[in-house]
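Chain naming follows the written order as A, B, C and D, and within any one chain the residues start at number 1.
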Amino acid sequence: MTVLIDADTRIVVQGITGHQGTVHTRQMKLFGSKVVAGVTPGKGGTTVEETPVYDSVQEAVDRKQANASCIFVPAPFAKDALIEAVDAGIRLSVVVTEHIPFHDMLVMYHYARARGARIIGPNCPGIAAPGAPSKVGIIPNVVFRPGRIGVISRSGTLTYEIVNGIREIGLGQSTCIGLGGDPVVGTSFVDGLELFEKDPDTDLVVMVGEIGGTAEEDAADYIRHHFTKPVVAYIAGRAAPPDKRMGHAGAIITRGRGTAQSKQTALEGAGVRVGRFPYEMPQLVADVLKEKARR
Amino acid sequence: MTVLIDADTRIVVQGITGHQGTVHTRQMKLFGSKVVAGVTPGKGGTTVEETPVYDSVQEAVDRKQANASCIFVPAPFAKDALIEAVDAGIRLSVVVTEHIPFHDMLVMYHYARARGARIIGPNCPGIAAPGAPSKVGIIPNVVFRPGRIGVISRSGTLTYEIVNGIREIGLGQSTCIGLGGDPVVGTSFVDGLELFEKDPDTDLVVMVGEIGGTAEEDAADYIRHHFTKPVVAYIAGRAAPPDKRMGHAGAIITRGRGTAQSKQTALEGAGVRVGRFPYEMPQLVADVLKEKARR
Amino acid sequence: MVKLAEWRGKEIFRKYGIALPEGHVARSAEEATSLVSQGKVPLPCVIKAQVLAGGRGKGGAVRFASNAEEVRAAAAAILGLEFKGEKVKEILLEGKVAIDRELYVSLTLDRTLRLPILLTSAKGGVEIESVPDEQILRQPIHPFAGLAQYEKRRAAAFLGLTGGPAKSLGPLLDSLWAAFNGEDAELVEINPLAVVGDRVIALDAKVVIEDDATFRHPEYAEVRDDRTPLEEVAREKEIAFVQLDGNIGVIANGAGLTMATLDVLMQFGGRPGVFLDLGGTDDPAKVAEAFLLMAKAKPTAVFLNIFGGVTRCDTVAKGLVNAMEKLPAQDRFPLVARIRGNNENEGVEILRAAGITSIPDLKASAEATVRAAAARAAAAQGRTA
Amino acid sequence: MVKLAEWRGKEIFRKYGIALPEGHVARSAEEATSLVSQGKVPLPCVIKAQVLAGGRGKGGAVRFASNAEEVRAAAAAILGLEFKGEKVKEILLEGKVAIDRELYVSLTLDRTLRLPILLTSAKGGVEIESVPDEQILRQPIHPFAGLAQYEKRRAAAFLGLTGGPAKSLGPLLDSLWAAFNGEDAELVEINPLAVVGDRVIALDAKVVIEDDATFRHPEYAEVRDDRTPLEEVAREKEIAFVQLDGNIGVIANGAGLTMATLDVLMQFGGRPGVFLDLGGTDDPAKVAEAFLLMAKAKPTAVFLNIFGGVTRCDTVAKGLVNAMEKLPAQDRFPLVARIRGNNENEGVEILRAAGITSIPDLKASAEATVRAAAARAAAAQGRTA
């Protein structure tokens, strides 16, 4: 089983006629995803990567039964694109777009939530379930393979790096969720853990965190009280100075809060094994699985 | 059983130090309701009808475990009072206040809904469950008695009139919900029917509707497809001319829509017995119950 | 319901940046002529009666003029009209525009969805009620999302707009949405919305402000437009009072009960002339005030139907007796009372002492009222005959 | 993160109606003196260095003056300062007010709740980080409800305000809320918020605008305040580039991987000097541009760590080789590369052809980088010695 997406996920790509939209429509299809439609206002009636393009999400839902969307539209229009998706009945939107003002994202998040929809992202690689197979977003097709490890991450390439290492020791993933690097994200570590807790086909969760905010500390608190599966974590940014945004809008130590040390301490306090460097992660995962098997 | 309220409902009265707030706190207590606190900003520390008064709903929740509120504050401040209740974790608010602008009520409704709270009203008599016993609002204590009839109504006194007639033939109520006479209400006929459908202790529902809007037509549609219990209805306002507000902000026939005839036709089409006059209602209820027993 | 005349609606539209023809209000033919001669209104122009009823075009309440003399004549003609029962006191003069197409757009409330709803139709210039449903696009607008770009795009596409007019529709809808919310409107309607060259402009304006929101908009306190003088007095006293075309006054407590009382009266051949909902009160003075207001409507008979809850029967009885005592003989009316519920016995006793019998049965009391009205009418006819 | 100087923050506050002392900015002692002599700034007055760092009071960057001569002297003294590494170019002159109490209020984002949060404390005038948690009231504000009356009442009660100051707090908080949203701020902070007589006024202003929202606020495009010149160039080219205090440049793709690369370098004794996140790109020219920017930071050595996904290894290799060819000999730097993932073989081949070996192991490549930097530093020292 997988979380959030499966083989029946029918994707509409919002902003399909843009460069990124087109490239990743192709990649998603190659992965095995059902990309059933694209939307670009004014380009309705055309075709991209053998996918019909409509003027509105509603048409994609009405004609192609789309039930998830992948948003590539530029930041100034992203809020509107998400509202359009929610209003059309889409219940899962992966927002790849970066540089969305958090004031917009606050509205997007609470609007989607009020209407029963979920956002992954923004500024995220999306979600991939190699066994389905299905992916929504821009996660590379090659690093994953089906397995029983859940991955939740605030980063993109760092996650591919770590997952690749884990793959090299022979382990695969159930679902990988890229939460995104922004200060306000639609789905947090805690939300992701809730999903994996309920998934019978996930044995262990790898968390890839980074400096900024308290999402990892919140996750530690959740793990301590509610999570029953082993968790292995890595936190990027121990070398980062305060008050500097390290690439991600959310990766910033402000007023002394959000340091890698604080996160590591919180997670270890909740029984999570925290790797200090990416290359330590495969061995850690293997060790923890071995311990689990022994119990 | 009852819907929405029961013997464990712990009421905080918002605007308790006003005339109406004080009078109805006493009446609610006489009925048997647990009025555990009142709120009037600036009057914290005083007592009304042996009920402690606090400055905020949060204090009433923290100290007295209030879980429902009854709002008597004037219209210009009602929106804020509701938001305060919702934010403090109150999940049921009866808004007695009338003359709340519907633009405010739209925000109140959608805010409460987004945060998992329910509004009864505004401009409503509230809700009474004679068997609990508990009531939140201003429904007179004397007209009801415990029984198995559910009542949902847009009106106040007309409902007491009808219920009194039904009582005189020996029947009582499970719960009576006064929806309120405004164009936008927190709980509609459909919402009320959903509650009674699930209530094993309600055998029949009496709907008291009136001109304006399409709440009764919507209810007819719902009854046709989802409601399994008998319904008896009365619609006030056959004599009302178009484009005049008949006392209630919501009781107005606009652009030919919302007539009593339209509502009666819709309800009868859904198998509902519609009485033409209030004094016909007790006999209709008795007849329908007899038919039900025969089947 | 504060219905605003077109010129007031357009003042609001202007405030929110909605494109309009150049125009001014006049209250006399002289004023109209001078607006034109001073160049404030370009020629040719259109002159429109500022009345609330629709169908002005066919009713002679809209005229065109291409010179000052024609303006004077048209203004004088329209200002002399009584249009559907309403005297024309103001006219709006606007420069005539070259209309390519007439569209329709409005924002109002969808009570079922509990959402504002944007209506658009390519069939502008006629009453929207006459337009088939499938020719109207209905888009609910969520207050937390606001009017979204995609909704504006869909509206433009549905109207068949492209190029300049399509581009100008978006900002116009944003302005209309801002006006709807900012003014606490029940309705903002542009009919017709005209395509003029490369943009859309509002040729008419219908704005209805919500009564209950006037505490935020004292500027509308003076607008009475749509009420009878007695209804206006009642509104100031916060009594729900509606004048109808019959002769029997109904006083009851609660909107639903008052309506039901009208319904029962009609059933027995009575014609209600006043709907008066006492509401919930425990003040006899307020009750007396309502009775005196009722007397001013000169009803042939009055039916008092009280079901006591918040309002106690004795309170009503006291107020009634006080009011009756104050009424001069010629203003009195036959009264049938039915008081039930809270403190019923005390109320019945007070009435009995004043010579009024309460009939507890609703049907019987309604019949009695209809008989009393008929008798009074017959007597009055006898007097005048 | 667009951090605004106090005077700019106060301009925003004024726009939203927040009460402030009378004040003006000056850029020279002469200008300061003439502001006072023209009566634009009342005496006595306070003169404050317009720098972004805190602790100005203790650092001599705030002075008082009661006549024109004192103003000139204070202005000259402050304008000559270098305060915590920042040259003082502007001073703000404000009329001195009689402070009864100093409070604290701010609005910022709570990332966990995904809600704006209103912070209030009676301990104003000190850094909020030094105030114990229980002395700070934290109220999350829901964007769909806005700042509610009860939240303002609770803030006033928590601050122990009554009477006039309590009454003036509500509108001030409304204005602050409007500014926070209207300006797309990450932070609006008033510290201290002063009780002066019967009202509260903002003595200081700290406003931080969100970088990503500057498309809605072109007025902040010119404000650079907090970046190094190279960071500013990078920002214009949309490259994530942060200067640190070490000597090794790191180029990686993705913020997380770039951070992790810094972490690994540090582990082996390296000191990162530049964080450069290539992000996702498939354009060799963009990669070359990033390398040339890195060269301008004069790193002792550079570590290139690519995990190819959206960004393909061969694209990076091509861009790198192009850039290296363009660099004059004296600007070149030792380079250690590690490229993995998408099109890895093609990339490795391109690098090999240019004489660069990719070390696939992260640990080994990081160690090699640290060694290369040390060797270069030693060689440079040898040359200068």
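Note that in this section a contact is a pair of C-beta atoms (placed from the backbone, for glycine too) under 8 Å apart; a residue touches a chain by one contact, two chains touch by 3 or more.
Since the model is a prediction, treat every value here as computed from it, not as a measurement.
Trainee: When contacts are scored as defined above, which chain pair ends up with more C-beta pairs, B-C or B-D?
Mentor: Between B-D and B-C, contacts are more numerous in B-C.
Trainee: Compare the CA centroid of chain A with every other chain's and tell me the farthest one.
Mentor: C
Trainee: Based only on mean CA positions, could you tell me how far chain B sits from chain D in angstrom?
Mentor: Spacing between the chain centres: roughly 54 Å.
Trainee: If you average the CA atoms of chain A and of chain D, how far apart do the two points sit, in angstrom?
Mentor: So the centre of chain A lies 28 Å away from the centre of chain D.
Trainee: Which residues does chain D have that touch at least 2 chains other than itself?
Mentor: 142, 144
Trainee: Would you pick out the residues of chain B that each touch at least 2 other chains?
Mentor: In chain B, residues 107, 110, 114 touch at least two other chains, as defined above.
Trainee: In their shared complex, at which residues does chain C touch chain A?
Mentor: That would be residues 142, 144-145, 148-150, 153-154, 157 of chain C.
Trainee: Would you tell me which residues of chain B are touching chain C in their complex?
Mentor: Those in contact with chain C are residues 23, 75-76, 99-103, 105-107, 109-110, 114, 125, 138-140, 142-143, 153-161, 164, 181, 183-184, 188, 208, 210-211, 213-215, 218, 234, 236-241, 244-252, 255-256, 260, 276-279.
Trainee: For chain B, which residues count as touching chain A in their complex?
Mentor: Answer in residue numbers: 110, 113-114.
Trainee: Taking the complex as given, what residues does chain A use to touch chain C?
Mentor: 41, 55-58, 77, 80-81, 83-84, 87, 107, 110-111, 114
Trainee: In the complex formed with chain A, which residues of chain D make contact?
Mentor: Residues 1, 109, 111-112, 114-116, 128-129, 142-144, 181, 184, 186, 210-213, 215-216, 240, 242, 244-245, 252-260, 262-267, 272, 275, 277, 279-280, 282, 307-311, 340-342, 361-363.
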